Amino acid sequence: MNQSAVLPPWVVLDPLLHGWLLEDIGRGDHTTQSLITGKNEFGQANWIAKQNGVIVGLPIAARVFYLLNEGTSFTPIVGEGETCHRGQLVARIDGSLDTLLMGERVALNLAMRLSGIATLTNQYVEKIADLPAQLVDTRKTTPGLRLFEKYASRLGGAINHRLGLDDAVMIKDNHIAAVGGIAEAINQIRYKIPYPLSIEVETTTLAEVEAAIEQDADIIMLDNMSLESMCQAVQLIRSHQNQIKIEASGNVTLETIRAVAETGVDFISSSGPVTRSSWLDLSMNLEKSTSD
Amino acid sequence: MNQSAVLPPWVVLDPLLHGWLLEDIGRGDHTTQSLITGKNEFGQANWIAKQNGVIVGLPIAARVFYLLNEGTSFTPIVGEGETCHRGQLVARIDGSLDTLLMGERVALNLAMRLSGIATLTNQYVEKIADLPAQLVDTRKTTPGLRLFEKYASRLGGAINHRLGLDDAVMIKDNHIAAVGGIAEAINQIRYKIPYPLSIEVETTTLAEVEAAIEQDADIIMLDNMSLESMCQAVQLIRSHQNQIKIEASGNVTLETIRAVAETGVDFISSSGPVTRSSWLDLSMNLEKSTSD
Amino acid sequence: MNQSAVLPPWVVLDPLLHGWLLEDIGRGDHTTQSLITGKNEFGQANWIAKQNGVIVGLPIAARVFYLLNEGTSFTPIVGEGETCHRGQLVARIDGSLDTLLMGERVALNLAMRLSGIATLTNQYVEKIADLPAQLVDTRKTTPGLRLFEKYASRLGGAINHRLGLDDAVMIKDNHIAAVGGIAEAINQIRYKIPYPLSIEVETTTLAEVEAAIEQDADIIMLDNMSLESMCQAVQLIRSHQNQIKIEASGNVTLETIRAVAETGVDFISSSGPVTRSSWLDLSMNLEKSTSD
Amino acid sequence: MNQSAVLPPWVVLDPLLHGWLLEDIGRGDHTTQSLITGKNEFGQANWIAKQNGVIVGLPIAARVFYLLNEGTSFTPIVGEGETCHRGQLVARIDGSLDTLLMGERVALNLAMRLSGIATLTNQYVEKIADLPAQLVDTRKTTPGLRLFEKYASRLGGAINHRLGLDDAVMIKDNHIAAVGGIAEAINQIRYKIPYPLSIEVETTTLAEVEAAIEQDADIIMLDNMSLESMCQAVQLIRSHQNQIKIEASGNVTLETIRAVAETGVDFISSSGPVTRSSWLDLSMNLEKSTSD
Amino acid sequence: MNQSAVLPPWVVLDPLLHGWLLEDIGRGDHTTQSLITGKNEFGQANWIAKQNGVIVGLPIAARVFYLLNEGTSFTPIVGEGETCHRGQLVARIDGSLDTLLMGERVALNLAMRLSGIATLTNQYVEKIADLPAQLVDTRKTTPGLRLFEKYASRLGGAINHRLGLDDAVMIKDNHIAAVGGIAEAINQIRYKIPYPLSIEVETTTLAEVEAAIEQDADIIMLDNMSLESMCQAVQLIRSHQNQIKIEASGNVTLETIRAVAETGVDFISSSGPVTRSSWLDLSMNLEKSTSD
Amino acid sequence: MNQSAVLPPWVVLDPLLHGWLLEDIGRGDHTTQSLITGKNEFGQANWIAKQNGVIVGLPIAARVFYLLNEGTSFTPIVGEGETCHRGQLVARIDGSLDTLLMGERVALNLAMRLSGIATLTNQYVEKIADLPAQLVDTRKTTPGLRLFEKYASRLGGAINHRLGLDDAVMIKDNHIAAVGGIAEAINQIRYKIPYPLSIEVETTTLAEVEAAIEQDADIIMLDNMSLESMCQAVQLIRSHQNQIKIEASGNVTLETIRAVAETGVDFISSSGPVTRSSWLDLSMNLEKSTSD
């Protein structure tokens, strides 16, 4: 893991982070405000991994604390996207005690969720690490967390599929049915979309694969096909022209992914690392700084 | 399950739903807009359960489609919070074809996530169904989804703990350390907070339990105690006065929850149903309406 | 006064302050922009009290100027929540002349409103200062200013009641009527709400008080009762169990508050300090800094 | 009273109303949601005046309930801006019981505040009803409520002064000081501002009045002048040219306003009706509809 | 013209339209509110073309009036994207008189701007209508109007280039310089981006074109090349493999576009239709409905 | 040119700039993030004029880069509102390479649009520079850019007309028709509007001009009159009283403006500089800083 992945600039992400802080703080953290704010107390928070896994979300956690209080200092100990081990110190945060307490839950919740995704993604990726096929993610992401979960997916070793409905065309069975066939669909859409967009077509039969090839689809998705059909489809596509990208999709699990990769597809898409991952357990230990 | 739970009015939730639609649609659903919009095509979408579980999120899904197009009709087949079985029709949505395609992912992603939480919550609850202890949730929720995940938790059979930092006081070790002791903390805070708020104190030793009792804490949390210590703590609290609520917390799993409940605590808090649940698999089958 | 009260972090309040600045500035302060902006002029603004009272709002005023221009320096002379006297210098603000002129009205309007509330609150509080009863505020606050007016109320010496519809349960006559009685209402609600929330019940007769006691309400409100009935209710409640908090409500004025407090209730709620207070008159004198 | 006044379209006001509902409802009205929502109960709410006064805010209250639930019906009984008498039915609202309960506080708080302003404004206006001078309001309004309080002011019988820093020029002593004199200020600003904007100049001496006349100010404000000086200023202005509008300002009260009006000024500005008014007491009685 | 183009759903566009209405209305349309609102007057507005051109923006104009008042009825007379002639009736709007007056400027301004773009785009397109090359637009669009101006561009007959920085990769000289060469750039980026995204490379020499071919760029932009170099580049690309799309860019005008198209490139990008177009003059004649 | 003009404070403008950045960046600048972000590369961007014209928008461009990255330094070389010549260096920006690339398009697009407006405005102004009449702009501005385009107009040498529907009254034919005549309109509105607002009346005949004079309109607009009628109208107005401002409107072009000015009107309003101006061509050359 620890493939590089880069977040959009904060100008894009801050409104989301801001909303999350308001969600947790609401009308105020009565406990902390009553007992600590105004007392000029500082502390050091240590984030400890309670499980092995891939750590993701540290720069975002740093930003959460920064938005609460610009004077907070966040020091990652484990690199973003690196493996951590149970008991390991992951990051250290120095700041005013009330900031540390008010930001804790938002920052940790996000990092735990993202690290969980990266960790499971990495297990999928390891299964096919020696094969040319690449794992890609899907649009099955938690509402509001698309950019973050896609980022975690990258750091776990996967490649991103489209980030939304607007950065690639994906022609599904319902689109095809609405216009009367794959050929009609590709023909109709080719000059309506922004021209750099790729056109991907979902296929379930070899006849559909053939139609997609004929219309020069950029990507052909083999949807829920048997391994045998997939092999045939790959052969069919490669025999015509070698620039079309092939994506396998449907019921991919840790158990099945290797066999799918061996069919020779270029990409294997799976929502599993996002929809079936547990949060990676991280805890925050907080120590009040002693003054003297 | 199917305990009642009620969402806040849409005036509260719509901004979140709106943001989720923008996240997925971005600059537009090029595929659907190019192939379907403007053709006046209608369809029927059927949501099918691919697994057994507890269904949650149907009214929210209905609202998602409504926000896209007020003319969409959403018919729940399985009751909100009811059990569904693999293969069962869960809901039916009638509307314009492009609305159904553009809203699909947001609506399904949310319902799958919430149903997953409710399903696992329900398994925890079943373990202690014959005992007086109640399962409660925590603030470990996905950023931005607090209200929704707490709602799912309720429908899975749990009771909500506080929804944010502002609807109850929770005095933790760091708060205690900052002011010098449990007694000082409770004394300082009692008249600073909105007076109806309950004061909960985290304790890890019997001495701390004793201090909390003396200061009339409303709720005493037994944090990460052994079963034996928990039993002693419960006894100690009950012996003094029977109005203090007792909450057990820490490393509660499907395996351990029953033993914890048998200690006699009133509430058992666990983040497990939220942080360790998979999404419940639901799929949407879409049929174009035939006109004649 | 000068009881401590702490505002939520700026991440919560800034959007409100930002909106207020836009409200006043609109498309620009034509006068100031045309005559002063760009001339690099600095000034010192002195806030002078024109009446005796309790000063509240200085940190918020400071933030208003900061949002306009981070280089502004705000120096409180009177402590937040402290008493000021007519003619006294309350605060001094150093900054660019155009910032001082553009932020003046928003900052002053808020401080005058909040100081007015604290001042009248304090007069109520003084009437019962030697008695155990405490003054509490209500949800009758100016739309949009809830957090600020509740904060002013605290600094005037009152205790906050719930801050919104979500941090405590208040069962009123209409709720009771809808479900058939106080017992039914409390029973129905107890396990639907976040469990740390207190349940308060409005009562107008001794029979209702009795019902609320039997269902272990956390707080019983004696609503618009005669002093005599209040005394009887207090006696009735105390005779059963001494943990229920008692709140008197209805037509409390500076004239009547002491008699109400003498009935032995724990809390007296009144909207009077908010709805009947005048703004405390403050003025801002601005001097251009001389350069040499 | 009952001068006509018209609110901006809802597209302008809805975001404010929406924010107020969120402020009160927060994470939900636990009481009402738990006991009433989902039970399909309807009710009728009657708004009763507890004091004599001028009623303002009914269309806004109607909109508040509409935003919560489009099916709510709001029937004003007293006309907007009309006088009401203690005990009189002011408005009737029919809708679902939970909507009536959740919207009550926001709608009533606003109407009480605005009616209080209109009522006191009207008392000022009555003092000078037979004289040509007109009462005008100021920018001392509650942050966030500018448009609403200005509207109430109109319905109380006053005329609005500028609504913000951008719809008229007001040259104050600090502006004058910054550029070196009234003549310089008017000269510099005349061709920098949107040309239809009026230029008002604050004056405190006859010399300043003279300077403002010479520069063709549109409005001359006589700020904190003695009655005698005001008379002289009025005479001076009228002797030169009769198109300049004259505004008196400073320490206007119910006791002094008539004498000021008798000096012959055109307008008398006072913040008193806004900063010194109490809320007009209104209550809402709610009856559950009986079904049969 | 009148190529089909489809707007994103209103859930995406409404916030922009809403902001434009607030921009124009501000604190209210004093003229219309004072003279017309409340009088229950209705009218009919006719939009008349004052010039020949391509009409774009009618559905958006309809939505602007709808947002102000749901009861407004907008009837397009000329089809969206169709040609209009000077003096022709373009659309008719029936609604309350104050709605028609308050929405006029926003609706017309947008339609005039978009129609101007479509009209000039169409002139570019006509120049090359018989050649295979297609006109594409650029990211030089008015801030805040990207989606609308791209839509107008489509209706004028052009094809959209990428809509933002996120729906295609465009490697420019500075990117190349930063990593050391075209080969390095394409290699580094291929597996970092969402895999369906196309990779376009800006080239200015044949050597760069060669490098881009070798790395299988999806699109090669010939930037500011002479016609002769363009011809050579096209030949070079076509000789290797015929799937790479070729885009010409730089100083394309109505005079030069045909010669560029004749080089055999697939796409010609030009900002001219957006940056050099005048607004198409449209006027609105308003008639008050007569009642009887 | 280079008349002074001052922007409102950033607190007003930042939300617009922020929205523009999001519009362009969307889910991220994949090219720049993949190739440059994280490499700690810095660069210098030079803005070069490709045409002669009036430069406007530099402080706004500076703010755009600042919002992306506070560490960016923007150095204007040509003064805001000053003339630039083809090939001239206009501004220099130093910052991290990815910031320069991500902010380029938004900053340049705005500056090109505004400079284009100022440049054409200036040509209109030059035509009447020796005459007393002043050019004023209109409300025909690009939706969302009102404040910016009005600012550009000022820097081009024009004077602003009203900025929105709320800072002056403009009585048009439809308003007049709705109430029955100019006299009725002015009478009805005079005491309904904020009193400092000017009242402008559109007139098309001398009879209407006469009526407007009689009602003491502040501004009389001569709308689409012949030069001869304009002369008569000016004479008529001046003969009665010399304080009414006279504005000519309708079909003003570079060819006709001088003749209109010679009729003796005070102001000539024209939308031409905004609706008929091309963008001023500016380009950004970016150099990577060399380290050593």
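Order as written gives the chain letters A, B, C, D, E and F; numbering starts at 1 within each chain.
The working rule: contacts are C-beta pairs under 8 Å (C-beta built on N, C-alpha and C of every residue); 3 or more make two chains touch, one makes a residue touch a chain.
Just so we're clear, the structure is a prediction, and the values are computed from it rather than from any experiment.
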Option in B-F, E-F or D-F whose residue-number contact pairs overlap B-C by over half: D-F
Most distant chain from chain F by Cα centroid: B
Intercentroid distance (Cα basis), chain E paired with chain C, Å: 52
Computed distance of Cα centres, chain F from chain C, in Å: 45
Centroid distance [mean C-alpha coordinates] between chain D and chain C, Å: 23
Length of the line joining the C-alpha centres of chain A and chain E, rounded to whole Å: 32
Junction residues of chain A, two or more chains touched: 4, 6, 25-29, 34, 102, 163-164, 166-167, 192-194, 197
Chain contact graph, described as a line, ring, star, complete graph or other shape: complete
Touching residues on chain A, where the partner in the complex is chain E: 3-6, 134, 136, 154, 159-163, 166-168, 191-198, 200, 216, 218-219, 243, 245, 267
Chain B residues within the chain A interface of the complex: 16, 19-20, 23-32, 34-36, 39, 41, 43, 97, 101-102, 105-106, 108-110, 112-113, 116, 139-146, 163-167, 169-172, 174-175, 177-179, 185, 188-189, 192-194, 197, 275-276, 278-279, 281, 286, 288
In the complex, chain A residues that touch chain C: 18, 21-22, 25-29, 33-34, 37-38, 67-69, 99, 102
Complex interface listing, chain D residues touching chain E: 4, 6-9, 11-12, 147, 163-164, 167
Interfacial residue positions of chain F with respect to chain B in the complex: 26-27
